[in-house]
Every structure is written in structure tokens, then in C-alpha cells.
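Labels A, B, C and D are assigned to the chains in the order they are written; within every chain, residues are numbered from 1.
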């Protein structure tokens, strides 16, 4: 039997498709920044946030550091100093510029950063036009990783822009042209049962996945139930009205300590107005939509709500097993709402609504390596593995995630006190 | 068939045995404090440490708050103000006195604390002599919990005393009469294989267990291997000599950040002397025993060592499944060494050495509730459940643990940065 | 003309008197500690506070370091390690043990510290019995300094004991046998005028004075007025009732920032009770005496009160010029009240009341060197000079000061945020 | 006798001159910002620094808040929200936006801030064209204050821009066209004697002065000497080479603690390069000019150098009395060097060189009110008075100060740890 055409080196078609995808993903990052004032590009509103300009540069640095420098013969950097400035956290690639100081870098300017992007793009085009045969497979793998990486930063861009603008007492909108969802009737929460047993968890090797989604392995779960939809703003407001932020019995000890110290009384962007709750969004301040999924919760708040509701968070295995056959569809960045929305009443009375998109769903699982986990080789091994302590897994993507970026095995992760990401929750309970 | 004699109410024998155990456990706490100078009783050397005096009072408060106040008719407290002072963290029982301020409480004096213990003991004797029938079962359950609780604080007492004395540049010994182990030859590390499959994890209901060990449930594990003994001081010193504390690729990101900031270069109590390493122990400063298990590691250090050694930490399920049939024997507090010891070369070339005692073994599992976990009712629900975030599980007990206190299902837990507990590690790897 | 008998070497009488004074001062430190529980000796309730035990040892270390080691032939230290432990801040004498960690030192025990005192006292007796002739003058100067130093620590002991006991929710009294002053009628505040001109400020060389009181120099002051007595509790309560802690216009910017951050609403030891104000004292919790001088104010609070009252604080020159001819008499530690007291209505309608004793009076002068200031030679040069930044001068002594220790040129100094010392204020204004 | 023409209301000439000056001063602020990239305008590199954009807006707010709102009939703000955003610290004018958050305000944009300036300028022109007669005198006083205030911020702009750019590892220059001074021969330091006595200190009422320079009053000083020029870089480098940053005996205790904690080894912008010292300047990184005055010292460093040199800092009275008859000439912002320069060898061998311009000279005087000090009325009373604690006085202006802004009575003030201002020192000693 003849050898398949593209076994060892990429077929021209694959290269062409990847080049097109490269251009599309890169253009999308810049499109997301179009509504910004130039002044917005440089702000770092807290240590966890990066200036939009920094994101634009860093994702380019990723291609430069892991593709152009090692693989493009004769590559010349636009500015060698960027290698330090835009290294995020790769200790084995040099000493990264201190994260909390990113907002101090007024230079390179925004124009210079766009020039940097152009320089990288032209060089990447050259590399993809004629990848050295011996390294072509590795190059394609890394290009794919670089694009997935840039998509992650597209979501970070929206999170960070939202946070930056929300610190400004004038509450400027990122965009004035975002559609506001029409009011929806409340959809009663339904419990969906899942039988226990051994199931496969993790990515099955077809198509891209991050190292942390691998390897696929077996997990035993007991019978369980999942709520038919995420917790809504109205339900969370009820928790608050019931004194939820003052009831120590609902909270993990670390969470209780945090909300005392930080004086939290509601989700991150909620503001109590005369007649009720408003919410800062990428479209500016809006009245809270009661049926939309609650968003911008820390893990502690998600756990506290679940405890108050007599339920719990699902494990990531429970979530993934329930989601494996569901289509990846929902309110993603492509819907251009940039805000979780109330789902219309479901056509049929079964299955899970809003599994994908709208809000990342906190699970009760710590972000730890799967059995047999192997980090990528070299500096790229720092991509995921070294963050596997202290963080919790979230699943399903959100209204700021590119649809093609997410899948049922996708593991997002944040520290339990963080809530500037689009994070909500779905209840679970024993069957 | 006739009803067993003691189904609903405690038989006199059970009561008598419990009373005897009560007196034995209570006496042991005081015995542990006998070597202290009166001045040692009040010191809080860091926020995580409590003054020995506070431990002695708090464990008494536990009996007072959860047994004497609810169940002993006509109980009169020795001093009502102690109810606030010695409440550790039970928010639903009142406002606990701030943890970090415990060292400020010069009063009640040590003598008054011993008087408090006596008062509680006499009242407990009265309660156990004639427990109200309707509540007898609950009373016995709580007495057992109170004794287990006091045993936990016995270990904390030794940890805290060690930490207090180690801050003193004079390095006073807690005791001068502790035996130092004879030097042992190095025992090569052997890998023991375990087949994967579904196994039972958690306590099976016979005898006491904490709520967090329950319920017994099924867990699927892949094939795995465990090291035949814990990592030794000599092996850890090799990691240091190899530049381990300067190799970012071995460390979790949080750990790397911590050791930079805190300038850690070795386990907590190690000191570099001219000719090598010494170690502060409860018997004072000693030369490091190369074959003894390395001790007083943070989780980050345990992870870094494992990465350096090309291995990993076991999951708690892997550990428990391997330990379920092993006898609970080893170097416990009863051996009166109060320091991990090198094991003699094993008689036969199989099985795992030093599973129990010597050092708590960090696992790679976050301390989270088991499927179906139910916290105890009422304030006692705060005992374990609210700490189930941010902490990692350790298994097996240590040289400061009462032997009867530990079992294969026992889950100890600490934050990953903590290392004043007697904590070491055992390597694991895929089969 | 014949040489005076004691020009170059101390006369036996002088030596004898000094020896007697040595014993008296040293005994007084121990007398002040007699009411303590042994447990009180080791507590450090904030970084500025030292454990009473530490005070007792440090003042002995002072004699050892600056007299016994350099001047007593063959002196053998009781424990060489104390030289590090009880060095307060003399960098040129070695590396002082970290101040904020003093509360961690459970050893040496209290008994060992008393033994250390005894050892030092016996050695000092030997030194004073036969001081080497060539160094006798320097020895006598240093003994006098050591005694003055110990008197300063006697006041610190009372301040620190008060602070330690006040952190305890049980509010234990240092002593139960302190007289409470009888109620006094309110004494109207009168303004006393002083003419401007050049006046002498600083010590005139007769008798002991600290280096910072020297040299006497000329200062020009404008005409000014001083209030006839310190501000009373009743007057300060009026300031509070008038919203004083919420009126930014009364406060220095640093003070305003501090009271927001620390949520201060009243002097340090005041507590609002149902019917009014109570105050923690060395005699336990007492009802506030309205006519007694207000006490335990920070400099910021003193300034804010003065601004609210349309007045200002006196400069230290104004204070000293007005006090130079006044007798050093008042409510000192010898009165054994240990609390500021209301003065009886003055016999004649002129002069200033309560200049000395009761409360240290904040002045508006920064603690800076006088023109021509020379620090002592050697390590003793660190005694005062290096603290001459960021602190403000207080004058007059307080109810915890030994009467013989203070004089009109005496300069006490604290950071403006500190208020655990017995500090109040007297108003001044332009003439 | 006829009434003088301009007694109660401003003469048209005076108004015209003030209007011209208004335009000139306002234009200068914008001229200083011309070299900036738009991205530089928004950065806050530490809490003490304000973004250049914020300075431009705040000085306009000052005219709006204190002139347009109270005095211009029918004034309409461009944006009412700016009243909160650009209030620096006037608590009695509302709640200022938190200082440390100024860097987060990406909006208003730079263009909007310039529009705001234009709006204020047009309104001010209207007010100055026809000031209401009854308030004209107050208006002119406040316009003058507003212009002086803007000049202070012009210097702050240069300080802050320098700090912002210096945090960037690329060390961008603010301007590429600044002249570098030619090398000068070393000028030996000469001591100039001044006789003691009573002298007048403070402003004598002719022309503008800040409230803190008033009232003129008498001060007695002893005989003293001042160095003929500021301390040079070469001299300061000698102090460093002599181990100055490691000699505790030279330092105030607070300074010693600070340099340990912050690991300071040299003045703020010095960098040790292979062949010696370089220095970050507004013209980029330059080799250190050995004969130029040392700059960017904290008070602690100035004190330490003086102690090492066997001298001291002058008091502000000593400085002012020596400077009262000296012409206000030197290296100011108008020289357009923006960096202290070595003075050429003086023509005649007497007098003091570089009293004005080059570097602000730390004095040994705390910034406290003069006898008889009265703050301005109303909110403007917050201008200076409330900062009179914890700060030290500096005299003489610097290379970033407008020449017309400074005078011999001018009191600048900073906290002793600050050193991003252009601060150096001149030695003094007893005569």
C-alpha cells in the first residue's frame, strides 16, 4: 500500500489552510482592539491584567520565540529588546519582564507594536511558504499552538479591557453598538441524571488539544445530576437578598476570610442602584438581566451559592462526560454580544442548556495533571504544567471565547479568588 | 433473635472504656507539655502556630462547647470569657478570637489553663457517668471526636513547640533525653508495581473516621508504581547540590515565586555548617542523618524534588489503595524519637517501608470532598469541610502522631507553602 | 591653690552615692514587675512593644556592654549569647536581634533573666568598688547614663505592660490597689502670656543630661501664650462629639490618611460604653475622668484638636522657656497613680499647671539636633542621634516617669502615629 | 489726596499683563509635553508619580474649581465628572479620585484633556476680560496662585516623565536634542563663613509667595559656614567607594532601615557600568559627569553623606539668610539642559555658587509652619498647611524649575525617603 501523501511533511493544502487560518486569527486580535482609544492600550488596572498593547505584542513574541528564532534561517528581530519585554513567564527562555510592571511600558508605542506584528507576520509567511522539511511537522504543531495561544489572549483582551474601563468612574463603554438581548421568561431549572461508571476523560488525539487535556484516561464517577442550565442572575440576587454574603456556614474558610477583607457584597461588576442591580458590561452600564447566567463570580462565591442552594459544583469529569456528545454551540465571541445571555426556553425538555459559551462554569476540581501527563518539551513545557497548583478548573467557554477554540475536554483554570474572567456556575448533586 | 444489648444506649462497658480513654488522651497532652518552661507556653512564633497554652485550653473548650454546654444539665463554666478566647474557628459558635493574636494572651495563666482542664475533666466525668439516654449515642460520638481532636492537637503541640524553639538563636532543645538513632546503611530505592482498576477509597464505617474520609467510594486508577521508601535526606541533599533551588524547570510557578521571595535554599530546619548539614530537632541541633526520610518540606519542594528525580507524587487514591492492607506500624509518637528515622534494611524485598509514621507524605491530590461527602451537623460541620480549598492531602502519619490516631484512609491537609509539619514525600511513577 | 580633691578621679563619697543610686534604680525596675504574672513577661503585643522580660535583660546588657566588657578586668559573661539577644539597636556593637521577634524568645526564662541581672549587679559592684583610675571619670559618666537609660525603660515597662494587658479581651488590671482620684471640679483654661526675645534653650551642663539636650544655645521666639493646663478628657470628648474624627479640615494629611485606614475614633484606650466613655488603665477599666488630662493621643490627634480649638501646639523652645523656672513636681511614678489626674483648682491665678508629670505634652517641633550637637563617642553615639528624623518632641514627663529623671530641658520623642505612650497636649497661641 | 488708581480693582494694565502671563505659563506646560509619545501621557510609574495627562488636566481643574466655578457667571463645565477625577487632594472640595489609581484612567483621552485645557483657557480669558469688581482682587490673587501652581506641576511633569521613562528597560530619552555640558575641571570646595545673630526669615510681602513662606519673622542662628558649592558626583562616588552604603554609623536609623530593605546602593538613576557610573537623564543614559552636582538623593542619603564628610546639612534659616542677597540665577528649566551641570570655576574666590538652580538642596529643617502662619481661607487652605508633618525642606530650585518661580524664601518639601525630585545637598558646619 502506498504511503499517504502527507505523512512526514505537510501537504501544500495543509500549509495553505494553516496560513489562511494564521491570517484570520491574527486579524481578529487587531479587530478586537479597533474600538479602543489609543490610551486604553497601555493600562494595567491590576497585576492580573495586562495592557492590550502588551497582549498584541506578546502573542507575536510567541511566534518569534518559538518559530522564527529556531526555524527561520536568517531571521532578524525588529528589536532584540522585545524578547525580554514580551516574554510572559518562560523562565527557561530568559528573565521575563516583571508582570506587575507591564503598565509602565509606554514604549514601544502602539504603532510600534503593530509594526512588530507586521514584522512577525511577514516572517511567518516566509516560514510557512517554505518550512524546512525536517522540522515541518514540529513547525505546524507550534503554529497551531501559537494560534490557540493567540485565541486565549483574545479572550484575555476582552476580560482585561472590561476591567480597565470598569475602574474608570465614567464607566466608558468598549463598544456602543452591542445588541442587548430581549427579555426572556424565566426557565425553571431541571435536573438531568447521569449514570455512574467508568468513562473516558481527556482528549482523544484527533485535532488540537493542549497538553493538559491529555492523555485520555478512564475515570470512575458515581451517579450524578446536573442542572439544565447555569445559575441565573435572578437566582444569585436571591442568595444575596437572603444574606448570603453574611452567612459563614455557606462559605469555604478561605472565601469567608476574603470577602471580609475585601468587603465583597456581590459579583465583580454589579452595582446596587435605587431600583435594583446594574452591571458594568463591555457595552457600558446596563440594568441586570435577571434570566442571564450570573457572571464574574470567584470560585468561593460559586461554592457558597451551591452550598446555599443545597447542591454542589460538578467535578470536571462529570461535566466532561455529560458534554462529550453535545454540539459546541452557544453564545461565543462570534455572536458579538460579549455578555452572557438568557437562553430562550428550550424546545424539548431534556439535555443541558448553555453548556458551551455564555459563562465558564467553575467545577469542584483542582487543576492537576491527568495520569500520564507529559508536558511539552523545552520552554513550551512551561505553557501549562507549572500552573498546576492552587487553581480550579472551569469548563465550557464563554461569550468572549472563539467558538472554534473550545471543546468538551477543554480545561480552563483560575485561582479561586479571581473573578474578572466570565465565570459562572452550574449546579450538580448526587443522583 | 434478641436485640443486642447496647444498640440504642451505650453499654456500661463502652462507657467505662471511653472514660478510660478520655483520661489517657487528656493526660498525654499534659505529658507532652511537661518538658516546657512556663515561658514556652505562651509564644506564637508565626500566625500558623498557636501557643502551647492555647492548645491545652482549646481542646478543653471543644469538650465544653460541644458536650458540656449542650448535654450536661446545670453545667457552669469556669469562666464564660473562655468561650470566646478558645474558640478556634467556629463562626457559627460566636466570633472566634483572632488567630494571629493568640500569642498576646498572657492571661489566663498556665495555672489557670490547667485549672480549666481540670474543671472540664470533672464535668466530663459527670456527663459520662450518667449520659442522658436520649442523647447518649450522640454524646459518645462527640466524645470520640473530641479525643481524636485532642490527638490532632498533640501533634500540633510538637510541631509548634519545635517551631517556637527553633526561632530562638540559642536553639534550646525541647528534651535532652531523646535517643538518637544509630547510623543505618543506605537502602536502595525499589519500585513496587500496583495494577490499575477500580478500588475502594475512603473509610468503611467500622470504627472512628473523620467526615472527610467518608463515604467509601470507588476510584479508578491506572497501573502505577510507588517507591519502596520515602525520599532520604541524602537524596534531597543531592537535589540541593545539583542546584535544585535554582532550576526553574523543576518547580511549579507558585513554588518558584515563593522560594525567590522567601529565599528558601533547603528544608525548614536545615542549617549549612562547615562540614555539611545540621538540622534543628526537638532534641536540639543535630547532624543530619543521611538515611532518614527528608522532613519539613513544603508541597512545592516535594513536587520539585519529584520533577528533578523524573518521578511524581502519588495521588491519594494510589497511596490509600497500596496502604489498605498494611499494618499501621512505624515510628510514631509512642516510639518517643520525635524525629524521622532511617529504617533498617527490610527483611524481605517487597512491600513498602515506612508507609506509616516517620513523615507525612505529600500526595498530588487537592483536599476536596469525596463524592457524597456530608459534613457533620451544626457547628461541627465546620470541622473539616470548610477547609476544602487550596490545600493538599498528606498521608500516613509521622513521628509526632499517636499511632492509634492514624489509618490508611486518614487525610491530613496543609497549604502547599507550609512546612512546619513533619512532611516528606514518597515517589510515584506510571507503571 | 590646691587641686580640688575629686578633679580627676571620683571621690569615695561620689562612688558610694552612685552605688546606692545604682541599687535603688535597679531595684525599682524589679519592683515594677512584681505585679506581673510570669506569663506577662514574654508578650510583645506589637512591634513597638518589648516583652517586660526583654526590658529587664536589655538594661542589664547596657551595663555589661558599655561598662563590664570594656572596663572590668576578667569579666566573664553569664551567657555570651545574650550579647546578641539583648542588643536593642547598636549596629556598631554587632547585629541586634530583630526587634519585632522579641516576643518569640521564651528563653532565657524569667528566672534566668533575674539571674542575669544579679550577675551584672555583682560585677558592677566590683567595678564600682575599685574603678581603674585612668577610666574612672568615663565609668562614672557611663554608669549615670546606664541608670538614666534604665529609668527610661521603667517608663517603657509601664507603657508596654498597659498595652499588653489592653489587648486581652478580659482586660486584666496590672494592679488592683491603685487609688482612683476623687472627682474634681472643672478648672477653666486660662492663657498665660510670655514675651518674645532671645532665650537659652538646652541643658546648662550642671548635672546629667542626654546629648540631645545639648548644647545650650540661643533661640529667638515671638511673643506667645500657653494654656494654663493640659487639655482635659472632657474637652477632647467635646471634639469627638463635634465630629472631630470626620472633619478633614482639622487634620494633617498624614493624620487624616491614618485615621481612615486604622479607623480611629478616639484616643487609644477609650471605649464607648452605654452611658459614655470608659478607659483602660493600669488599674483596669475605669470610667473616664472628665477633668483629667486627655492621654494616649498621637501627634496627629493633638494637632487636630488644636486646630479645632483655634490654637496650636507650642514649639519646644516656647515650652522650655516657660518651664525653666518651674519646680519639677507633679504626678509622677512616685505618686503611684499610674494614670493622669485632674489637678485641684490652683491656689493662685497664675503660672502653668501640670507642666511636669501626668502627660507628656506633644510640641510642634521635630526632633532634630541642636546647633553644635555632638553625639557621644563610639557605640553610645547611637543612643539618640540616629533617631533624629521623622519624630516629634514631647516635654514634661508623665505619671509613669520617675520624677528625678525629667527636667525642663528633657526631650522625649515619638513618631507622630504613636500613642501608646502617656501623651497629651497643652495649647499655645500667638500673643 | 486722590485714591491710587489700582487700589481696589485691578488696573487694565495689570489685567493685561496677567492675561499674557497666563497664556505664557499655560503654553509652557504643553510645550513640555510635546516630546512625549501619546502613550507616555497615561503612565503612573509609582504612587507618587502622576501621569502627564493628569497633570495637564489637574492644573486646569485648579482654575476651574477655584476661579471659574465661584466667579464666572454662567460657567458651564465641559464635563462635570472631571471635578472628581482631577481633584488632587482637596477633601473640602469633594472626594478626590484615589491618587494611586490615576494611571488607570485611560479616559478622558489626551485629546480630550487638551480640549479641557482649551475650554478652561477660553473661560479664563472671559473672566479676566471682565472680572466682577467686588471680587477682582481675590480673582487676581487666585490667578497668580493658579499660575504658580501650574509652574510647580511643570517641574513635577519633568520629574515624573523622567521616572516613567527610566522604568523602561529600553531607557528611552525624553528628548534627543539636549546639550550635554562640556567637561569642567574640579572646583575645590571652599567654606564661606556667616556670622550668627537674629535675621529675618520668610517672605517680606512684596510679590507673590506661598502661604508657607509667611510671615517674615526673626530667627536666631549661631555662626556657621556653608560650602561654596553643592556636593559633586565625584565626591558622592567617593562616599560609595568608601563603603558608605554599608556603614551604619553614617546613617539615620530610618535611612539605614530603608536602604537595607530597598537594597539601595547609589542615587536613584545611577547605574554601574564596566568603566564606572552612568546616569539616566531626560536625554537618555549618559556617562556620569564627575563635577556636576550629585542629584536624586533622598534626605537620608544627603544626611549620610554629610556625616561621612564630617559636616552637616544647613538649616533652612541658615540657607535663606545666606541666599537673601544673591541673584536668582543659574541652571533652570529655561537653560534647557534639564540636568544639573558642573559650574565653571568661579571668577572670584568668594560667595556661594549654584545656590539657585541645578539641584534642590536638602536642609536639616522639618517642614513646619512659621510662627504666626495662617493658611489660606477655604479649600485653598489645604494647599500647603496640611502637609506640614514628616517632610523636610529643600531650597534653591533645580534644572527643571522655572526661574521666575523660585526665590530665597521658597520652601520646597519632600518626605525623607523620596528622591525622584532633582535633589542634592550643600554641606554646612559650625563656624
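Just so it is clear, a residue touches a chain if its C-beta (ideal position, glycine included) is under 8 Å from a C-beta of that chain, and two chains touch if they have at least 3 such contacts.
Given the structure is predicted, the values throughout are model-derived calculations rather than measurements.
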Relative to subunit A, largest Cα-centroid distance belongs to chain C
Averaged over CA atoms, how far is the centre of subunit B from the centre of subunit C? Could you give it in whole Å?
47
From the C-alpha centre of subunit A to that of subunit C, how far is it in Å?
60
Using the average of all C-alpha atoms in each chain as its centre, how far is it in Å between subunit A and subunit B?
38
Residue ranges of subunit C touching at least 2 other chains are none
In contact (per the touch rule at the top): chain pairs
A-B, A-D, B-C, C-D
Footprint of subunit A on subunit B - complex, ascending
89, 91-92, 198, 217-222, 224, 248-249, 251-256, 299-300, 303, 312, 315, 364-366, 368-369, 371-372, 381-382, 386-390, 392, 416, 430
How about subunit B: which of its residues touch subunit C in the complex?
37-45, 53, 81, 84-85, 97, 101, 103-110, 164-165, 167-170, 172
